[in-house]
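Two complexes, one shared chain (subunit A), two partners (subunit B, subunit C).
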Partner chain A sequence: MRRVMKIRERILIFCGLALFLFVVSYAFLQEGKAKKIPTPVAESASEQCVESREYMRANHMLLLDDWRHGAVREGERIHVTPDGRKFEKNLSTCFQCHGSRGFCVRCHTYASAKPNCFSCHHEM
Partner chain B sequence: MNDNRREFIRKTGLGVLAGLGAATGIFSKSSFETAEAQTTHGASTSGKRWGMVIDTRKCREGCTKCIDACHEVHNVPDFGNAKDEIKWIWKSPYENVFPGESKQFVSEETREKSYLALCNHCDNPPCVRACPTRATFKRSWDGIVAMDYHRCIGCRFCMAACPYGSRSFNWRDPREAIEKRDQAYPTRERGVVEKCNFCSERLAQNLNPACVETCPEGALTFGDLNDPESEVRMLLEKNHTLQRKSELGTRPSVFYII
Partner chain C sequence: MKKAIVPFAAVLLLAVLPYVAVQFAGLGFLFGIIIPYIAIVVFTTGVVYRVIDWARSPVPFRIPTTCGQEKSLDWIKQDKLENPSNFFQAVARVLSEVLFFRSLFRNTKAELHDGPKLAYGSSKFLWLAGLAFHWSMLVIVLRHYRFFIEKVPGFVQILEAGDGFLDVTLPALYLTDIVILAAVTFLVVRRLQDAKMRLISLPTDYFPLFMILAIAVAGVFMRYLTKVDVMSVKDLMINLVHFNMTLPEGIGPLFYVHLFLVCMLAIYFPFSKLMHMGGIFMSPTRNLSNNSREKRHINPWNPDIKIRTYAEYEDEFREKMKKANLPVEKK
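Up next, the complex of A and B:
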């Protein structure tokens, strides 16, 4: 009688241990299954953006701020790239290649960033 | 002992007086200078100064084409009540547009007519001086009093400062009351002030303001007031004109031929 109890206790202990190990390692088992970081690409890939892809990914908001300041407050509406290409400082310039605001939304949703550009600027 | 105290008080008093005198000599000059710099806020003599001449003799009573065109291209909402009203250009009776000019025995035609009113894009704009965030500013290159809606915090100091009532506040989300949204121009946010921008977005494309272009009578003329050869200057040369409340020293860029 005493021996039987012992085996039962052992089964319980091992079950609990297995459950515990599963719970602890659950997060590690999920590796690789996380939501992929979106990497949206311009629709007309042949043309080059205002700056390099790496710069735009990291600093597009600074560039847009700079454009806004230039166009609204200084009257400089044309952006000239180092290699001499000219762009109008306007959100709609972006959408000529980048299609729609969906391009912006994909990353911003992932990063939980909420820019409020589109409440007033409604370029599609 | 008593004499000593009296002497001490006398000397201290003299010292304080001398100090005050020196202080006014040092500080007053610089404070006067800033005051003067502020009163002539950005008054431009170089570069362009956009202006408008409104020939009220040609303006037809009951016609609202310029108002409709302006409000349509700039997504100006129409809430249908005076409290929430947003206006960039509108019509008002003579005594409201020219309160200082209301003299005795004004002709009936003048009294009965309504006159176009819009932002005067003053050469010395009081709204710009009132704005704590510099959301509204005078453009140094063409004299337009512009708004940067991104910066406006909705304090409405500019509305209190403007003697012409040219500014409106968005009490409600303007998107609710825009009938047909023009995709080419942004809308505004609830909680910001807005006003006529002299169609700076059209000027950038070498187009005349929307109101000037739509007027079927050609009553509105737009041009550079700093250019003596311009059409507006010709009109000012040939006609007697009025500026709204010119006695306030705001130097409006909108002129009226009565």
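Up next, the complex of A and C:
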């Protein structure tokens, strides 16, 4: 290389490259071990939930939102499943099998998805 | 139109490939683990290589493009940003370009009216859509750290909260998702609707646009509509960054479409126009200060030419010149 690159240019370019590499490898530099967070399951697994497990894993928030809307705005407090079982539209209905708020928090913290249930429902 | 259809078909093919391979051929390991590693290695080394290659390229002279008053006499006002005369002004100019696409703000469009009359008008939409797209892209990329880091860092949570502040739909609608879809669509339509733009557009212009659009659409579908198992997705990503090659079960095939398209874009990146990410910092027409009148810039690899003056010539041949009756300066 016959051209003499100025020191200042060289420092700038290497700072830029270092920043790029830092952003790309940021996740790789984090501490922690590769371990699977066990997905929590309901304690009384004998009884079936409102919907299938797959549906609930993907869409529980939609169901809860539907419940909230139904209970608070339309006074419909009973949820009837397609196969005729009845549930009270209430968070504590969920927690009868699903323990407590900790049941939600584990996954929600892991996936960084913030439910806004608990801004009103405090003690569960 | 062929120039747009071929890249479109290519993107479609790239999107279908992982879907079929994972769903029907069980190639999850290839698409979930091997290809992402290849992609990140190619992307990183490719970008670094190209930037270093540019850094090593000689820039012997000052060649900044300027459009303002150069630094001159004291009573003539210099346009410091358009015509930087020192290092810091040049840095400010590059940053204004990188962060706000300053030169694109001057974009004009030409129209031919009856007469025939040619009219130029200001056209800010390219600037606006470009800026909206790039900033959304940045926010979206940073937001994705939530899948790669077990304990999601604070800045990602702040970004998520700000991005989803409208708090409509479940899961919360991200503004950047809407903006990026709208902006990229505009950028595609802009190329397609005008005959002049169609003429100068190349497959390499359409391909990244279609790729980004496909990636965004797949992402939006996964988040809002068809859903994938986010927990397994994060497990996979955490595994990848800790070099644990186990593939969690039960991630929907749509995720592999998203991941594969991202990998392909990352692999394509260093070989393509997308290198403007590094190039914008490295362009000598932008990052040099215009001080040619203040400082003499000598081409550093000028060959060492041996100069022979007339006096030396005459010294050598004086006697012979005298004999041939040629005039000499020194008797």
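General remarks:
Operating definition for what follows: the second predicted complex is superposed on the first by the 87 of 124 C-alpha atoms of A that agree within 3 Å, B and C clash if a C-alpha of one lies under 4 Å from a C-alpha of the other, contacts with A are read in each partner's own complex, and residues count from 1 in each chain.
The rule is simple: a residue touches a chain if its C-beta (ideal position, glycine included) is under 8 Å from a C-beta of that chain, and two chains touch if they have at least 3 such contacts.
Nothing here was measured: the structure is a model prediction, and the numbers come from that model.
Legend: residue contacts after superposition of the two complexes on their common chain; A:Gly75 is shown touching subunit B, with no touch to subunit C.
Of the two partner chains, subunit C is the only one that A:Ala27 touches; subunit B does not reach it. When the shared chain is aligned, no partner comes close enough to touch A:Arg53: not subunit B, not subunit C.
The partner that reaches more residues of subunit A, of the two candidates subunit B and subunit C, is C. By the document's definition of touching, neither partner reaches A:Arg85: not subunit B, not subunit C. In the superposition on chain A, A:Met61 makes contact with subunit C only, while subunit B stays out of contact range.
Using the contact criterion defined above for the overlaid structures, shared-chain residue A:His122 touches subunit B, although it does not reach subunit C.
In the superposition on chain A, A:Leu17 contacts subunit C only, with no contact to subunit B. Comparing the two complexes, residues 116 of subunit A contact subunit B in one case and subunit C in the other. Here subunit C touches subunit A in the complex through residues 40, 43-44, 47-48, 51-52, 55-56, 58-60, 87, 145-146, 148-152, 156-157, 160-161, 167, 170-171, 227, 229-231, 234-235, 237-239, 241-244, 246, 248, 278, 281-282, 300-301, going by the rule given at the top. If you check the complex, the residues on subunit A that touch subunit C are 1-5, 8-10, 13, 16-17, 20-21, 24-28, 30, 32-34, 36-37, 39, 57-59, 61-62, 65, 107, 109-114, 116. Across the complex, subunit B is touched by residues 68, 72-73, 75, 77, 116, 119-124 of subunit A. Residues of subunit B that touch subunit A in their complex: 137, 139, 141-142, 146, 148-150, 181, 183, 186-189, 204.
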